[in-house]
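I have a structure here, written as structure tokens, and I will follow up with some questions on it.
Order of writing sets the labels: A, B, C and D. Residues in every chain begin at 1.
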Amino acid sequence: MQKYDVTKTAIKTFSQPEHEIALQTNDLHVYYGDHEQIKGVALQFERYKISAIIGPSGSGKSTYLRALNRMNDEIQSAKVTGSIMYRDLDVNSPQVDVYEMRKHIGMVFQRPNPFAKSIYDNIAFALRRHGTKKKAALDEIVEKTLQQAGLWKEVKDSLSKSALALSGGQQQRLCIARALALKPDILLLDEPASALDPISTSVVEDTLTQLKKDYTLIVVTHNMQQAARISDYTAFFYDGYALEYGATNQIFTQPKLKATNDYISGHFG
Amino acid sequence: MNVRRQDKIATVVLYLISGTIILILAALLLYILAAGLPHVSWHFLTSPARAFEAGGGIGIQLFNSLYLLVLAMLISMPVSLGAGIYLSEYAKKNWRTTFVQTAIEILSSLPSVVVGLFGFLIFVVQFKFGFSILSGALALTFFNLPLLTRNVEESLASVQGSQREAGLALGLSRFETVTRVIVPEALPGITTGMILGAGRVFGEAAALIYTAGQSAPALDFSNWNPFYIASPLNPLRPAETLAVHIWKINSEGIMPDVAAVSAGASAVLVIVVLLFNLSARWFGKWLFKKMTGGD
Amino acid sequence: MDPIRESLLKKSRQSKVERLGKLVSFCCITLIVLIVLAIFYFVASRGLATFFHDKVNLIDFLTKDVWNPSVKDARGLPEVGALPMIVGSFLVTILSALVATPFAVGGAIFMTEISPRRGMQILKPVTELLVGIPSVVYGFIGLSVVVPFVRGIFGGTGFGILAGTFVLFVMILPTVTSMSVDALQAVPRYYREASLALGATRWQTIYKVVLRSATPGILTAIVFGMARAFGEALAVQMVIGNAALMPHNLVSPASTLTSVLTMGIGNTIMGSLQNNVLWSLALLLLLMSLVFNLLIRFIGRKGALKK
Amino acid sequence: MKKKILTAAALLISLVGLTACQKQSSGESITAVGSSALQPLVEAAGEQYSNDHLGKFINVQGGGSGTGLSQIQAGAVDIGNSDVHAEEQNGVDAKKLVDHRVAVVGITPVVNKKVGVTNLSFAQLKAIFTGQVTNWQQLGGADLPIVLVNRAAGSGTRVTFEKWVLQGSQAKQAQEQDSTGMVRQIVAATPGAISYLAFSYVDKSIAAVKINHVAPTDENVLTNKWKIWSYEHMYTKGKPTGLTKDFIAYVLSPKIQEKVLPRLGYISISQMKVERDVSGHVTRRS
């Protein structure tokens, strides 16, 4: 594997934003035990845009994404330093209620993970637990989110069927609908289409572009074409650093760094 | 050629071994049932035991066994569920957890006599519960807890981690994720374990001899007020169970039909335990279908 | 003000639920640990009284072979040599494990390698049913079938190590079998496929590849079965004959730690030496179950390292 | 689901608590614990007593004479049943206990039917149980090795038997059985076996042995011609009061002594023509 001088080129600070920023991280480090997985990342994500994070395996993309809504808390050995600013609050600070925060910063995982419940309950479950009990309200949210996720037409007659009976692509869209049901501000997606076939992938991609008008999306992807197709901004991760970040168009056509260029032209990854 | 023959021989031997295992069980069951079933009748199942005359039944013992079982399971189920949840969801991988797990393993391999005597000194003597269903149920809880806890822990651990992430990412606490998502999914396994545990409890004798006692005073089945001393529901009355009864009459029985009663009681005991086993299987499967098939 | 920002700073219902839930489940596990510690303390305090209060020499206790707690020897110390019971316990445990192992492993291979369909449909339920049979019933059968059988063939009373071994063999068979099945199933499928692809026969594959890599798991299963056999009381007590004598042969009456314990406990006075030595036996049992546990952990760790 | 379990558990606990508080108000009961040989008698008497006195209950538990004596000594129960004198048990302070002798049990040596011996002397019995004689031929019986079957050490039957037969010698270590039923079964099935049983357990499957040509019968026990017998004791801690006192009096009443005891195979205490103290000293009863 080719070596790049990452420490010099890594993004450590950023200029004052021109647009409204939904989330930003400063000098974010993530450690798993003694191993430093993320070595200081500063990025900001614009509201109502899709930002893609690309990079080779092991570059820390997923780890970074999971840090954003503190999913790393659930891994015993993980430790996070640096700040994650969301609505003028540091997500990592003890004042912030982690469960409330996760309602606003939702997440969709690489492998579809619907609950072993009915399609309806997959969406209604968390709502009920957070206090929405009325049937009419639940019905409305279920229908709306399934429509947003582009799944409504396929499942509207079988809402009481087990979610596990759906195809992989449908399950993933159900998981997106499930996350949307809580009306999050930001939706984090960790390679949402990597476990799916090409047709399902394109349906999910369509869904994401539709969602952009109401949500801020941060998508980790392995698939550069996908990043190019759907995202407005792209960050390139390498060895625990964010090396380059900019408008997707610019990153894919005129990358500033050799490393980025090598990666997107397929020299490694 | 030699290798092929070896393969043949090995296969035959393995078939023989498996056949022997099945034969042993079949012989055991047939023996118990053949020896006992002729004595089992409605009268035998419902009438009280007689100390020194023929014609006694096992009605009260059977009721005691069931009541004790229900009480023991009521106490041990929530505790083992909580403990299992802690071990599989919260416990960190360190020496303390290893210590706790070793402690549980030891409790599970403890001879039940020791548990019974401990229960005797603590509940019967110290807490003054006397020889009672309550003392027995608590002793059985001790005896049952490690197995149930391990079963809960294993069942929970077998549910995929992605389900936990799903719940957590929806802003649910780990506890609610576990109780509302993971436990339901693990329910088939947990239920099977609980029912098998119930079977063990039902057949346990050594832990009960000194706690629930070895006498079965007549019960007044018309009075269900649990405070009445002869009420079937009174948890502070002494209660000889079926398994203890078998042990006792084999040891000290002076009724003329000892052999018949003990064979009959053994048959009933085994049948009930088998029913537990079969229902565990059936119920686990049914539950799994129900859980994954929507409401 | 930003309502979302506000809500982030408040303690949510979920975090209260989490605190409470964690506490409750922690209490449950603490309760269990406390129970174990209490039992340990209780058995140890009584069991050790033999040595501290009644001044019995630990070495004598473990190595002498005369068990007669109410009689004093020449030095004025009670005759409490537990060796016959220790030997008896180990003999029945090891013998029954020796007999059970080929059956259990054979049955497990049958279930996983030879005929999984039939194995899982017939053999597995059968072994699980065996687990459920209460030990009093095993004792009852041992008494009415095994003991007369042994008597018929070898003469004597029929009571003894051999009868105990038979009964324990059937009792631990299901445990060892089902754990061996788990161990065999954990062997990755491609091991078998690789071996078969190299032209090995099924038996060669089983013997050289599958069994080899499942050895730690199978050993754990056997030790687990031994732990169970060691602690079994009622069934053994009913068939072993309960003579606190060094076993001369397999059909002479012998005794185990558990059988002496169950028999004697009702006939001795709490706090007397006769009672305390029984608790010393119980302590020995407890320590043995600790040893078995450590052994299982040790084997498990070794197995894990190999992979 | 979980809530339901919790609610049920909470209900149960409160129920138990309430029951514990109200125990006294709905019926009175005492507990008698100990000797399994005495258990059937006390059970039968307790049952009758409850029938005669509504709302009063006698809980009877086995557990062995040792348990009975330790529990009564600890004050954990109301009556401690024992087949042996409290003075004979290690670890019991007999002075604190009050002895109530409620019945007598005769104990006889029994042998397997193939042995071919019907009469033995005390000396021969002693030789057998100390292991000096090992074949029945030496005693004029069949050519069979002697198989000793003992009761568990400390059991009342064994203590009594050894007291009169061994006279202080040490018994040979041999197989021990926890229970009378088992002993009978083994003696019946094992050629050459010898053991000892209470009279009431003797049946056709085994042979009882005369000692010095005295037959093991109730009549011979009444006059102490048959020496191996013991009292059945109900011990109380201090003088009995209340229900305990009434119940012991009831057990000693003719209703139990004359009607129930014989049916259960005990010898009535009121018929005894002699009295014997713990050291074996016999006096005639007037």
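As a working rule, contacts are C-beta pairs under 8 Å (C-beta built on N, C-alpha and C of every residue); 3 or more make two chains touch, one makes a residue touch a chain.
Since the model is a prediction, treat every value here as computed from it, not as a measurement.
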Geometric centre: closest chain by C-alpha means: B
Quick check for the class: compute each chain's Cα centroid; which one is farthest from the centroid of chain D? A
Comparing the two chain pairs, does C-D have more C-beta contacts than A-C, or is it the other way round? C-D
Could you put a whole-Å number on the gap between the CA centroids of chain A and chain C? 51
What whole-number Å value describes the gap between the mean CA coordinates of chain A and chain D? 79
Rounded to the nearest whole Å, what is the centre-to-centre distance of chain C and chain D, using the mean of the C-alpha atoms as each centre? 35
As a quick test, compute the distance in whole Å between the mean CA positions of chain B and chain C. 18
Which parts of chain C, given as residue numbers and ranges, touch two or more other chains? 12, 14-15, 18, 143, 238, 262, 265
On chain B, where are the residues touching two or more other chains? 78, 81, 171-174, 176, 179, 250
Touching two or more other chains, which residues of chain D qualify? 36, 62-63, 67, 74, 178, 182
If each chain is a dot and touching chains are joined, what shape do you get: line, ring, star, complete or other? other
Applying that definition of touch, give me each pair of chains that meets it. A-B, A-C, B-C, B-D, C-D
Which stretch or stretches of chain B touch chain D in the complex? 51-52, 71, 74-75, 77-78, 81, 124-125, 128-131, 134, 179, 183, 209-210, 213-215, 217-218, 225-230, 234-238, 248-254, 258
Can you name the residues of chain A that touch chain B in the complex? 69, 71, 74, 76, 99-103, 106-109, 111, 113-121, 125-126, 129-130, 160-162, 164, 175, 178-179, 182
Contact residues on chain D for chain C in the complex? 36, 62-67, 69-70, 73-74, 89-92, 147, 149, 152-155, 170, 173-178, 182, 185-186, 189-190, 193
Under the stated contact criterion, what part of chain A meets chain C in this complex? 86-89, 95-101, 104, 129-131, 185
List of chain D residues in touch with chain B within their complex: 2, 5-6, 8-9, 12, 15-16, 18-20, 22-23, 25-27, 29, 31, 33, 36-37, 39-40, 43-44, 46-47, 50, 55, 57, 59-63, 67, 71, 74, 76, 178-182, 200-201, 263-265
